[in-house]
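You will see two complexes here that share chain A, one where it goes with chain B and one where it goes with chain C.
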Partner chain A sequence: MKTFVEVDHVDRVFDIPNGGKYIALKNIELKIRQGEFISLLGHSGCGKSTLLNIIAGLDKATVGGVTLEGREVKEPGPDRMVVFQNYSLLPWLTVRENIALAVDEVFKDKPKGERRSIVEEHIDMVGLRHAAKKRPSELSGGMKQRVAIARALAIRPKLLLLDEPFGALDALTRGSLQEQLMKICNQHNVTCVMVTHDVDEALFLSDRIVMLTNGPEAHIGQILEVPIPRPRQRLEVVNHPSYYRLRNEMIYFLNQQKLLKKRKAAQIPASTLTVSGTLEKIHLEIGFMPLTDAAPLIVAKEKGFFANYGLETVILNRADNWTEIATGVAAGKLDAAQMLAGMPLALTLGAGGKTPIPVVNALNLSRNSNAITLSKKLYSEGVRTPEKLKATIKAYPDRILTLGIAHPTAMQNLILRYWLAAGGIDPDRDISLAVIPPTQMVKQLKAGIIDGYCAGEPWNYLAVRENAGFVAATALEIWPGQPKKVLGVREDWAQKHPKTYVALVKALLEACKYCDDLRNREEIVELICRPQYLDIDPACVRPGFIAPYDRGDGMPPQNLTTYHQFYLHQTNCPNRTELLWMVTQMARWGLVPFPKNWVEVIERVCRTDVFGAAARDLGLLDIEQDDPIHLFDGKVFNPSQPIEYLQSLEIKRQIRIEEVFI
Partner chain B sequence: MQIINQTHSQTKSNQLQTQKAENFLEIKGVSKIYPTSDGPYTVLEEVNLQVREGEFVCIIGHSGCGKSTLLNMVSGLNKPTEGVICLQGQPIAEPGPERMMVFQNYCLLPWLSVFDNVYLAVDSVFPKKTQAQKRAIVKEHLAMVGLAEAADKKPHQISGGMKQRVAIARALAIRPQVLILDEPFGALDAITKEELQEELLQIWCNHQVTVLMITHDIDEALFLADTIVMMTNGPAAKIGEVLKIPFSRPRNRRRIMEDPQYYDLRNYALDFLYRRCPHSEE
Partner chain C sequence: MAAIIGTRTVKKKKISNLKKIVSRKIIPPLVAITIFLIIWQLLCLNPNFKLPGPIETISETWDPFIINPFFDNGETDKGLGWQILNSLGRVGTGFSLAAITGITLGIIIGANKLLYNAVDPIIQVLRTVPPLAWLPISLAAFQQANPSAIFVIFITSIWPILINTIVGVQQIPQDYINVARILRLKGFRYFWKIVFPATVPYIFTGLRIGIGLSWLAIVAAEMLVGGIGIGSFIWDAYNTTTETNLSEIILALVYVGLVGLLLDKLVAFIARKVVPAEQK
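Entry: the complex of A and B
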């Protein structure tokens, strides 16, 4: 797709009288093709007009910017014309004079006759020849808007921007004007961006509908492609098989936003929280599992980052398994915990038939550092890839292989299943999966109870060291940058302790940054191996963390610099696309129904607002990655069409699509 | 034998009741003609409509089709040139408190508080009630539209949605038999509009009031109405078609929209308004 207009990571922040900031738009990223018709849809106050004004050059982005044909938009110009709801015609000029005024101003260098013919051409274009001598007061609302459109088009803009152009007209008068606008746009190949809150208008006119979430921190929630062929006829489009499906999807989106708006109204916006003031709670209990990537928590405590941000005592509670972590947070025994990346979602959705408990994520603590370990026996049978594994399974039909996972909601479970399915292995039918605490993995592999597992470190390297297995694939090969651990807190805890939450995220964010400075790694190894934390020989932790990583496959040890990723490459910002992918995978394997209200679910779990408030306070980048998912099999995930994606997967369980009430 | 007789008499009384209710509001052969310098101008021609007691009727049509003229005649603000409009058999000759009108632009007195705006209406219709009784009526109706806490605010201090709630509370406080709404939610944003539609249905249901409402919004009409009256274009506009809306009550917006009938009805109405009676602006 050749980009004509790019809205490049735009933020718009307003100062408010009490000295605070209001973040109207957050991280808007949009590429528009030449000749495309885009609608911006959202509830009032979602910042859609602000965005349009930024594209027009009437307003400036606080962060990021807009380019038109590769050149930055800095001010209003005749290449971008705006049509407003209130027409903005000069009342003392006739229709012809109103249009001529603009043409004469922009085409000063053209001969008079040519300017005159441009004016007449555009009067005809909108069918106002009979009214050319009338003044605005003699025209109906619809006619006035046609003059405004003719005036905008007469100066041949590259981009036509429309701000609720038909909003002042009644629903029935709009129809014929929409038809005229569309005809003109098609004939002249005009690129359009239109703000509207009318779903039928958006569907009728657009190639793509960009739906914005509510402010503050409004962002693109979903983009709908409208596959209805052109030219379109008003009465025919409603009979197109996808019309009412798309319309319902838009209405559903708007309704979800309505619910979120009501809920948000009861909350304090995160962006106003960092302005000093005492913390609600300064003694915290945080759960963790003894894994290498618990490093940020341990560092934050041992290096005094918690204390620096006013969290006077933080007790790190070591858990034996992930269920303990999940129930600790769910029951309110823990203020927060290091969680598996999918855990906040699973708890919020009530995976496994449990009561949904909303748990939120404002910080990713680590990425990668997962691997698939298989037994030496499978190695000797030549297994290296999932395809080879499938061949072995076929060759020994009586043998049922068992693979271990730490927890159903672990990224490892999703990744292992994905890896197997990509090789044609049904993880529920062709093999057996068992939930085993990570600390038991090596022991069971050695004893021949399991034939492999997917786990975090140091458990893969330990199998290599004990000569029980080899690493068939690391996270870096399956999906480099995959989320691993996150900070999970209950949503009601977050609401009750908004300032504490931001302070906690700040302390851990600093710790994450500290952990990714390789100069600190020696020190960190010493810290995390202490008896109260991992309680392990540092030699087990070093490979992949600080020393070359031996996969036990006969190859020389590799330097995996990003195998343990704590901060670099936008590690920390929770990412909606990633969360949505995880939901699709959980639904794929029947762990949860796919939530029909997925936009709402993701918005609630993914607290980029809290992350942003913390990151900005530390002077760090406060946005998520645009395109985070790159799986080894190359399958594309379009976050606007998760259900289509799910349906396109071959090996899967029966997919249930249900509304999840949380 | 006795049982059969009983059933028979019940059916008979039901029939009687239904009959009475069917003719609650009758528009019979109504035309409206204005004299102009170019000769007589017919706005409405030969309009006939029967409204049941407690029915919710939406009237839809392009601007200029005479919808407002028709409702103004029901409210008594205007008189038919030909024909007659009867409420419970009595011809309507002038405005009266049994028929209350709510306009799109709220029509609140800006110098009076929300409470006093409603009180003014109650006071003029129920002059014999005590002050305490009248205040109780006002309070009850403000609470009904969720405005108990905004009672002391002036109109300029409240949102458009709230103003329209005041107007509805004021109309209902004088216990009309017919509530006439002239595009009441046209000026409101989508969220507020949906909220008010739901509130209106709730109130309609609790008060058993008969509603005539003008709208341009097909979805609004489909959600609210028992009957949608679609008007042809003027001059000489008439009733083009009457759609009966079969969705059961109480209605749930989402469930209705998931009903395949919804789209058939919607497309049918669209077809009427855009193909069979398209609007020509000039």
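Entry: the complex of A and C
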């Protein structure tokens, strides 16, 4: 696919009179092919016209930019002609003169006769020969818009931009104009971007429909491909098998956005918070699990980052297992907690039949540092890959292998299951999975109660060190950059303490940055191994953290520089695509029903606005990564079609798709 | 049958329309004027009242002022027609100069924010200066009566034209500017093709106010500078002590009013012809 127009990470920030900022568009990323017809769909005020104006060059992106055929768009020009909603014809000129003005201006070099014939040709094209001498005031709305389209097409733009072109017209006129527009676009292979809020219009005309979420910080919520073949006929389009599915999906999306808007109206958006002013709460209790990747929390406390941002006393509460953390936050005993990447989602969705408790995530604390450890026994049977593991399971039908996981919502569970399923092993039928606190795993592996586990560090290395197992796969091989730990807080806590929340994220963000500097790692090892935190021999923490990592598979220890990732490679911004992938996996294994309103759910959990406010204050990049997810088996995850993705997976449980009311 | 019935109703409608106009637009003003004249006449029945009544006014000025507006006895003793034409000539010259300068400057100032901020205070101060206050300065500068009077007209009528043009340029709908930006219309062509036509309605508002003000100013200016003109005619009539001088003044006033009205309607008429309906 050759990119014709690229909208590259566009942000548009408006200054508002009271000195604050309004982030209208956030991180818009869109590639458009030559000849494609794109619709921008969203509620009014979501910034779709602003985006169109940025493409036209009439408005400037605050961050990012637009390129047309590889050249940056800096100012408006006739290669990107706009058809405005209010026609924008010059009232003192006749139809012919209006078109001629554009043609004369753009084709200055052409002889007069040729210019005349272009004008006449386009008057005929939109069927306005009889009205050529009339002024706009003598024309109906539909005729005016025909003149505007003729004027736009007469100058042969590379890209035609339409801003709700048929919004002000009656239904009959609209229909016939849509057909005319489509015919002309097909004939001349014009690339179009159209802003609309009419779902049928979008479906009838577009190749792809880009749906924007509500402002502030509007971004692309979902992209729908319209597979209806061209040329299209209005009456036949509705008979296409995907028509009503697509239409429903669009209406559902818009309805979800409406609900979100209603709720957001009651909240204070993080982006409008002023940095100054007193914090709502300065004594916090934060839960953590004794793992290497609790480092940012420990560093933030020990190095005074919390205090720097006005959080005077922060008590780090060590938990023994993840359930303790989850109940602590749910009951409001903990203000915030280090959580497994999937936990905010699982709590919000009420996984496992629990009451849903909305928990939000504005900061990823760490990535990677998960690994799958298998017993030495399996090693001696030659198991290295999931395929080999399957062969072993087949070879010994009487033996049931048990693998340990820390928590059902842990990334480890999802990753382990994915890894097994990719090798053709059904993780619920072919083997047994047991939930074991990470601190117990090595002990149980040694005792032969379990045959392996997927856990964070230092528990994998410990098994290697004690010669109980070997590391079959690390996060870096399964999904490099997978989210591991996040900062979870209750949604109502976030609403009550907006400034505290931003301050907390800022302190931890600084701490994450500190943790990823390899020069600080020696110091951090000393800090986290203290008795009140991990209470462990530093030698167990060092491999993979600062020292080469021994996988216990007979290979020489490797240097895994990104195994513990706290800051680099955009570690920290919560990512909607990743969250969505996690939801698909939880639904895949029956942990939760797949929420029909997934856009709404993820929008609620993923607080990029809070992250953005904190990051901007620190002068850091405030956008989420938009690289697709690269999993080891090469399967592509299209975040616009999660349900299709789920259905394409072979090994899965019965998938329920339900609307989740939170 | 249907056709015949059709024409009949149309005819009837036309007649009733005409009736409506007469009954609504013509009869009430006539009645009002009549009442006004009667009150005037009644007031003048009082012997202490020095001003002539309407009947007296007309009878005293019938010959030569009403029946022969274009008599010429040499010097300044000329018919009211000449006087008015002379005044109109001055107004025409001053107002034309003001229109050309005002529109040109207005477009330039309106298009340039910095320039606008710079000169706006000056404009705001100067526009409040009463027309006659300019007269001593212009007399001192030009040393002649006629150019001074023209200058007063110019300086009186330029402000509304200038200010309205500036506002017009500033208020050009963003749509037109967007069209110009996309088509890359620049420099003179931008002004000629977009700015000027888009500003025309505002310019005409300015012109209409301007012509009214100039006519107000010319009478006063001529009273002071003398020569031939309706203003000087009134002043001369006041300074002579003939029996009929007050009636002459009243007649001149009526003429001044009527000409002022005509001037205003003339500009409005041109505006209607020039400005497209959608822009109003």
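We take it that the second predicted complex is superposed on the first by the 659 of 662 C-alpha atoms of A that agree within 3 Å, B and C clash if a C-alpha of one lies under 4 Å from a C-alpha of the other, contacts with A are read in each partner's own complex, and residues count from 1 in each chain.
Everything that follows uses one rule, which is that a residue touches a chain if its C-beta (ideal position, glycine included) is under 8 Å from a C-beta of that chain, and two chains touch if they have at least 3 such contacts.
Everything numeric here is computed off the predicted structure, so don't read it as measured data.
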**OP:** Give one word, clash or fit, describing how chain B and chain C relate on chain A after superposing.
**Re:** fit
**OP:** Could you say whether A:175 touches chain B, chain C, both of them, or neither, answering first, second, both or neither?
**Re:** first
Original post:
Between chain B (first) and chain C (second), which does A:197 come into contact with in this model arrangement: first, second, both, or neither?
Top reply: first
Subject >> chain B versus chain C as contact partner of A:142, first or second or both or neither >> reply: first
**OP:** Could you tell me if A:82 is touching chain B, chain C, both of them or neither one (first, second, both, neither)?
**Re:** second
Original post:
Who does A:310 touch here: chain B (first), chain C (second), both, or neither?
Top reply: neither
Original post:
Can A:538 be said to touch chain B (first), chain C (second), both, or neither?
Top reply: neither
**OP:** Applying the touch criterion given at the start, work out whether A:590 contacts chain B, chain C, both or neither, answering first, second, both or neither.
**Re:** neither
**OP:** Identify the partner contact of A:44: answer first if only chain B is touched, second if only chain C is, both if each is, neither if none is.
**Re:** first
Original post:
Roughly what angle, nearest 10 degrees, sits at the C-alpha centre of chain A between those of chain B and chain C?
Top reply: 50
**OP:** Working from the superposed arrangement, determine the closest approach of chain B to chain C, counting only CA atoms, in whole Å.
**Re:** 6
Original post:
For chain A, what residues appear in both contact lists, the one with chain B and the one with chain C?
Top reply: none
Original post:
Residues of chain B touching chain A in their complex?
Top reply: 61-63, 186, 189-191, 194, 216-218, 254, 257-258, 263, 266-267, 270-271, 273-275, 278-279, 281-282
Subject >> Touching residues (chain side chain C, partner chain A) in the complex >> reply: 175-176, 178-179, 181-185, 189, 193-194, 197-198, 200, 276-279
Subject >> Of all residues in chain A, those that touch chain C in their complex >> reply: 56, 58, 75-78, 80-82, 84, 86, 88, 90-93, 101-102, 105-106, 135-137, 155
**OP:** Going by the contact rule at the top, pick out the chain A residues touching chain B in the complex.
**Re:** 43-44, 130-131, 140, 142-143, 170-173, 175-176, 197, 234-235, 238-239, 244, 248, 251, 254-255, 258, 261
